[in-house]
Structure formats: structure tokens, C-alpha cells
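Sharing a structure with you now.
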Amino acid sequence: MKERVYQANKRLPEEGLVKLTWGNVSEIDRDLGIIVIKPSGVDYQTMTVDSMVVCDLTGTPKEAKTLKPSSDIKTHALLYKHFEGVKAIVHTHSTNAVKWAQAQRDIPAYGTTHADTFYGSVPCTRPLRASEVTADYEKETGKVIVETFEKRGLDPLACPAVLTAGHGPFTWGQSAEQAVSNSIVLEEVAEMALGTEALTLERTPIADYLLDKHYFRKHGEHAYYGQG
Amino acid sequence: MKERVYQANKRLPEEGLVKLTWGNVSEIDRDLGIIVIKPSGVDYQTMTVDSMVVCDLTGTPKEAKTLKPSSDIKTHALLYKHFEGVKAIVHTHSTNAVKWAQAQRDIPAYGTTHADTFYGSVPCTRPLRASEVTADYEKETGKVIVETFEKRGLDPLACPAVLTAGHGPFTWGQSAEQAVSNSIVLEEVAEMALGTEALTLERTPIADYLLDKHYFRKHGEHAYYGQG
Amino acid sequence: MKERVYQANKRLPEEGLVKLTWGNVSEIDRDLGIIVIKPSGVDYQTMTVDSMVVCDLTGTPKEAKTLKPSSDIKTHALLYKHFEGVKAIVHTHSTNAVKWAQAQRDIPAYGTTHADTFYGSVPCTRPLRASEVTADYEKETGKVIVETFEKRGLDPLACPAVLTAGHGPFTWGQSAEQAVSNSIVLEEVAEMALGTEALTLERTPIADYLLDKHYFRKHGEHAYYGQG
Amino acid sequence: MKERVYQANKRLPEEGLVKLTWGNVSEIDRDLGIIVIKPSGVDYQTMTVDSMVVCDLTGTPKEAKTLKPSSDIKTHALLYKHFEGVKAIVHTHSTNAVKWAQAQRDIPAYGTTHADTFYGSVPCTRPLRASEVTADYEKETGKVIVETFEKRGLDPLACPAVLTAGHGPFTWGQSAEQAVSNSIVLEEVAEMALGTEALTLERTPIADYLLDKHYFRKHGEHAYYGQG
């Protein structure tokens, strides 16, 4: 499990999703009651399989002699608690996704590249209030993500990504590998959507029937993409 | 033939035209009545020459024990049926071409980089109707491409590329290698045209005589570019 | 010290921050009264540890037989004189930071990626006057940077970067490595901010409490990011 | 000389200035009365030192058994004839420079990155007339470049670059290496200028005294940049 989390973290800079130490991948084992996550502020080049940090489900390190976990651990922990089917979470500051997060806008589903992975707009949360930021910031970041999905009636497995206003993206999945892939897709559709808006004044997402077609040809029991 | 299709598919991520498994190259042998195409959802790193899938001209795999062909096989098959001179087809989600497809706009011939390969605007299809998407989606995608060329009186050999509205580009050529080259050119002119529009309010393509000059110095019996 | 300055200079092209010979890193040893800097106009490939130039605190080479220091040495020297806590300085022409410098605009703190490193807008200086350019240009460049920080009451350690109008960025830090990292962050937030403005007509920086949270979770005595 | 031209041509794709076979470098030896240039339509990977083509000063190959020279040879030949100090010429379709050429706009000197190499705006020619395109296209391309410099009273050595309307850039220099460097700078300032215009409605170039300072600190008898 440490190995998988390590490999997934290593992919972040390789895929151009993070600079310096800006990003982290975690995985949960709900049976064992543990979350494994990247240590805080450690370079992707110098981190090792063993430096991955094992925490309990509140985000507290299990072992005494350990590196500190990513400062975002409490966001991860809260998301795992509320999003039951999720097994891995990725946080990055990937360039184009951050542009949308900073503009505090959802990313509309302008095309099938988007629809293949995200069933509808990728939502952007409301900005956090002063009291939420000063209190327990990273936990409140998780709470506003959950609030966004609940208020809009979104299924986190059908839309495995969110933008936190003024901050950046989180993605998740059934495995660390899939969660990283979802970060790759998010960054790509963020760039495509920005360019689409530069080319037309229309702000119309693709038709629902095309969204359905592309999403469900890849997901669910009638999926026929891939070797299944 | 499998080897050529394999090599052409491998070039897609190398040339920055696809991420993850988003793209496929096929080639047809009209005498043998077969199409060879990339298997569906398989990584470019793990695919092998042998995993290329041999189909008949309707897109049905010829052999029993085989991987499933790319889900876009029926689009390829329909294009081969109607575009007689075409020997290879490429589908990608390359970033800048998709921006235009999502904006549902033709790419105007703003310069000679475009004119060297595409004789006039690269057309964007109309969006598919609900009935077309829910019925036989991939085949209908091929049909709307053919409809676009027929309605506008375009020669698919003089304009070896199309954008499908809300989706992405298809290119083709006399060989898998040429079809991939055409995808490279399309992505490049898509980026250039976007930037051109950012720099001027004029939306005027180059003059017809310059389009003719550049296209015909590279194509047809009076071509004098290259070693001929 | 020459070794550190050499390594930091080598990172500039590796991180995509400079083309050709456009950039330089220096470090100061205030006890020894020396500044070590890249030689002027020498390729990053051909420079060696020994070709780093040792200057006194006015920017004059200490040794007779030496390469000429970067033409920007006097800017570095003046900044070291006025910004006491600074131990290393980097100058680049990185693409996105230069766009803002040429537009003669501050980079607003649109998000937490910015706030993690820069406590508020990254300031852009006023343009230099004709008399300043013709007199002692590189020294005057340093003086207008100091003027910008003093007039606005900015702490150079809390905002370790500046844009010089019509020219480009300077960053600094407690070490050559940190100063280069700050150049990486500056280039990234410059790109993000440009994209943010393309996506929304709002020009509102993030709330002060979010700026405080992110800046101070990484800096100062209450910092809890990293392994501390 | 073939070796130098070969090396300079090889740098074009390495520096990201060309795709496929879109670009060429030539060098002139005025004493020997020869121009050496890349062969037409040959890949940068498969070309060799020996495949470089030796032409006379009209652009006609000197040897019987030889590859055809780049189709742009007559443009090169005409520029060499009229621009006396020029020893090497580069033609590319580099992405950002082409955006400006397609927008048919000069690139203004928005900053010192530009001023370090180009003394004022990089000019864009008028579009060629139908009669010029159909007659002797490549030669007429050279003539309209010369016309642009003459009409505007520009010195080709002080502004070693031009954009041909609807087509792309040519740069030149005292050596093949310098001409390629000028193509790198042109592509970079084209990108910076585009971004600058996205950030401000001002369209004001830098002050003349700053342009003078930067240009002349690198060029002419009072230059003090580099080890000179």
C-alpha cells in the first residue's frame, strides 16, 4: 500500500501536475482503518516508499517516529469519511485547474473528453468564511467540498473531482492510479474549456444525451469501452 | 500491416497528441477486406504489435480470440466506405483541435502552415441529434462527417481532417504515417489560429491565390516541394 | 559557495526559466564581504564552477584575471545593500512573469499557490526615467526596486519577488536554492493569474484571512507545513 | 560549412522551432559565391551533413547529382543579395511568430527581452498580390521583405527578423548559430507580446531610451554585455 501511494505520488511531477512539493496522493484501507499519505513538504525526488506516512482515519499518524503527514491530511480524512466509495485522493495545484479555481467557476462539460470522466460540470466550492479558515482550515476545506456535493445532489463517484475556490483541485477514485488519472483528465479539460471560451461567446455545455452516451459507454453496467 | 499500425499508434503520445488511452490509428487493406486498429482502452505502453485488432470492413473482429477493437471502429469503417482514396485514419483528443471542436467552429485557413496541408477551412460537423447518439453513436459519427463533406462539396483528400462537434478531430491519409502527420499539423494550426484571433479582430482567411499556391506546391502533378 | 551559485545557475534553464544566456543567480557572504555571480553572456552549458565571478559588495570583481560578472551585478549589489536578510538573488526573463512586467502590472494574489510564497501582490516598479536609464542603468534598476518596497511599506522577506516595468522579474531568498524556487513559483502564479483573468471579469484577490492562513502556515513561528 | 549548416538545421526541432520538415537554415560564402541550404522536404532525423545542398547565388544547385534545395532557396538568395552583412538565414513556422504573421501585425517592442535583440518592432510585410504569388512566389517573398525594410528605413542588421504576412518568420545573422538564436528570441518575444496584450489595453512599446539602452549594451562599439 505504501508502495502504491509512493508510485502515485511520483507520477504527479512526471505528468506535469505539480511543481516543487505541491501535491499529494493518499489511499485508504477501510478494513484496517488507515490512510497512507505523502509526508509534508518532502521533495518527490528524495521521498522513499518508507517515508509515506500511515495515519488513522482522523489523520493522526499511527506511529510515534514518523514524518509529519501532508498538511492536507485532514481534508483527505474528511472526504474519505463522507464519500464512501472513494479509495484514493489526489490534491494538486495543476496550472489550468487552478485558473478555474481562482476564477471561482465550475468547469462546464464542453465536450466528450470531459464527459468520458466527469458526469456534468466539475463543481467549484464557495469560498471559505473567515471563521472556517482560522479555525480548522484543512478540515473545513473537506467540509465545504462535501457541502457542495450534498447541496447540488452530486454523486462523488460520477464526478470524481472538485475545485476549492481560490485554491485548487482535488480528485479521487477507486485506486491511487485512477485518482491520478482523474487529475490528468481534469487538468486537460480545464485547458480545453478555457480555450473553448476564447473561441466562442456561447457558454453552452454539450447536450445531455451526448454527456450520457460518453459517460455511460465508459462507466456502469452497460459500458463497452475498454477490454472490460 | 499490424507493425505499421502499431508504430503509428505509438507515435500519438510521443507527439503529444493524446493522453492516457485517448486516440487510435487504423489502416485498411481494401484488397484483403480488412481494417487493423488499436485495441480499446489499452495503454500505449503495454500494447504490442500482436494486440492490434484485425476487423472486417464493417468493423467486426475477424478472429474469435482477440481484444476488442477501439470503440471508434465503426466511425473508421464508415469513413473508409465513403472516402475511397483513404488508407489510414487517426482519431485523437489533441488539446487545441478539441478547443475548436468544442466551440463548434471550422478552423479558418489563416496562413500557409494550414494551406500546405488543408485546402481551405477544416470543417466542423453539426452536433449529432439525440436519436443519432442513442442509436448507433459511432456509426452516426462517421455519417455526419460524410454528410459534412458532401453538403459542402469538399474533397476528403484535399482536406484530410474534420472536427466532430463537441468531440474532437479525425484525420486521414494515404498511409498511417501521413495520417498521423496530418494530426500533428491540425493540432499546430488549431493553436496558431486561436492565437491569431487573439491578436486581431479581423477574421479573414488568406487569399485564395495564396491558398492555391501553397497547397499545390506540395500536392498534385505540379508540386515542387520535397524530393518528388 | 561558487559551487552553490553554479548549481543554482544551472537550474535556471533546466526549470524552463531562461533561454540562451538570459538569467543569473548570485549569493552574498556578508561576513567575507563578497558576492558570487554568473559571468556575463556565458552559456549555461559551457560555464563551470570556476567561471563564477567573485565581486566585492559594490559589484567590482575581486580578482584581476576573471571573467566579467553578469551585467546585472550592480542591481544585485544594491538589493543586497538595502534588503538585509537576503542571501541570494535570481534574475530571469521567464515568459509569464515578463508578460506582467511588460504590461506594467502587479500580479494580484488570486489564490493560495500565490499566498504560500508571496504575502500579497507581487509589485511591479514604475518605469525608469530617461535620466535613470542613461546614467547608471543597472544600479538605478536596483534603486527603483527598493523605492517600490519602501513606498508601499513592503517587507522584502515576505514578498521575495518584484517585476521591473518593461523588463522582468527578480526574486530572492535565504539561499540560492530558495531564490530559484521563488522564481519557479513566480512564473507559475504569473501564468495562473493570466488564465484567471481570462475566465472572469472579477479582479478580486483572495480574502486577507485566506492569504494570512496560507502564508503563515508555511512561514514564521506558527508554520506547520513541512517537517519543520 | 556543410557541417555548420547541418548542425544549425538540427537545432530547429531541438529548440521546438519547427515540426515535421517546416524550416531551413542556409549560410552564404560570398567569396566562393555559394549558398548551402537544407534539402527540400527531408526529415531532420534522416538528413546528413552530405545532404546539405550547395547552390550558386541565384539558388541553383551547383552539382548535377544532388538533392533539391529547400523550396525557399530563392527567398534566401534574394535576401543575401540585398542584405549585405547577412551571412546566414533561418526560416521557421514557429508557433507564436506565425500567430503574429497570420494576424498581419508587427511585433511591438514591449520589453527589454525584445530590445536586447531587435532594435524596434519586428516588421510584418504587406500580403503578396495575386500576380506576385502566381509568378515567382519564393523570389517575390524575398522582394517584399526587402521592400518592407527599404520603405521603413530599417537596418536589417539592427532588426534581424521579419514576418511575412500570412506565412511566417525569417531571421538572419552573422553566423548560422546566431541566426538560429534570433529565431529563438523571436518566438519567445512573440509569445510574451501576445500575453502582454492579454493583460492590458495599453499598446505602448517601451520608451526609446530603454530600447536604446538594452540594444546598445549588447551591440555596437559601446556594448558591455558578455565577455566581448
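Residue numbering begins at 1 within each chain, and the chains themselves are lettered A, B, C and D in the order written.
We take it that a residue touches a chain if its C-beta (ideal position, glycine included) is under 8 Å from a C-beta of that chain, and two chains touch if they have at least 3 such contacts.
The model shown is predicted, which means the values in this text are computed figures rather than measured ones.
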Look at all chain centres (mean of CA atoms) and spot the one farthest from the centre of subunit D. A
Using just the Cα atoms, superpose subunit C onto subunit D and tell me the rotation angle to the nearest 5°. 90
How many Å are there between the centre of subunit A and the centre of subunit C, using C-alpha atoms for each centre? 32
With centres defined as the mean C-alpha position, give me the subunit A-subunit D separation in Å. 46
In subunit B, which residues are in touch with two or more of the other chains? 198
Chain-level touch network, classified as line, ring, star, complete or other: ring
Using the contact rule from the top, write out all pairs of chains that touch. A-B, A-C, B-D, C-D
Complex contact set, residues of subunit A against subunit B: 110-113, 181, 184-185, 188, 191-193, 195-196, 198-200, 202, 206-207, 209-210, 213, 217, 224-228
What residues of subunit D sit close enough to touch subunit B in their complex? 19-22, 39-42, 67-68, 71, 93, 95-96, 98-105, 127-128, 130, 133-134, 137, 166-168, 194, 197-198
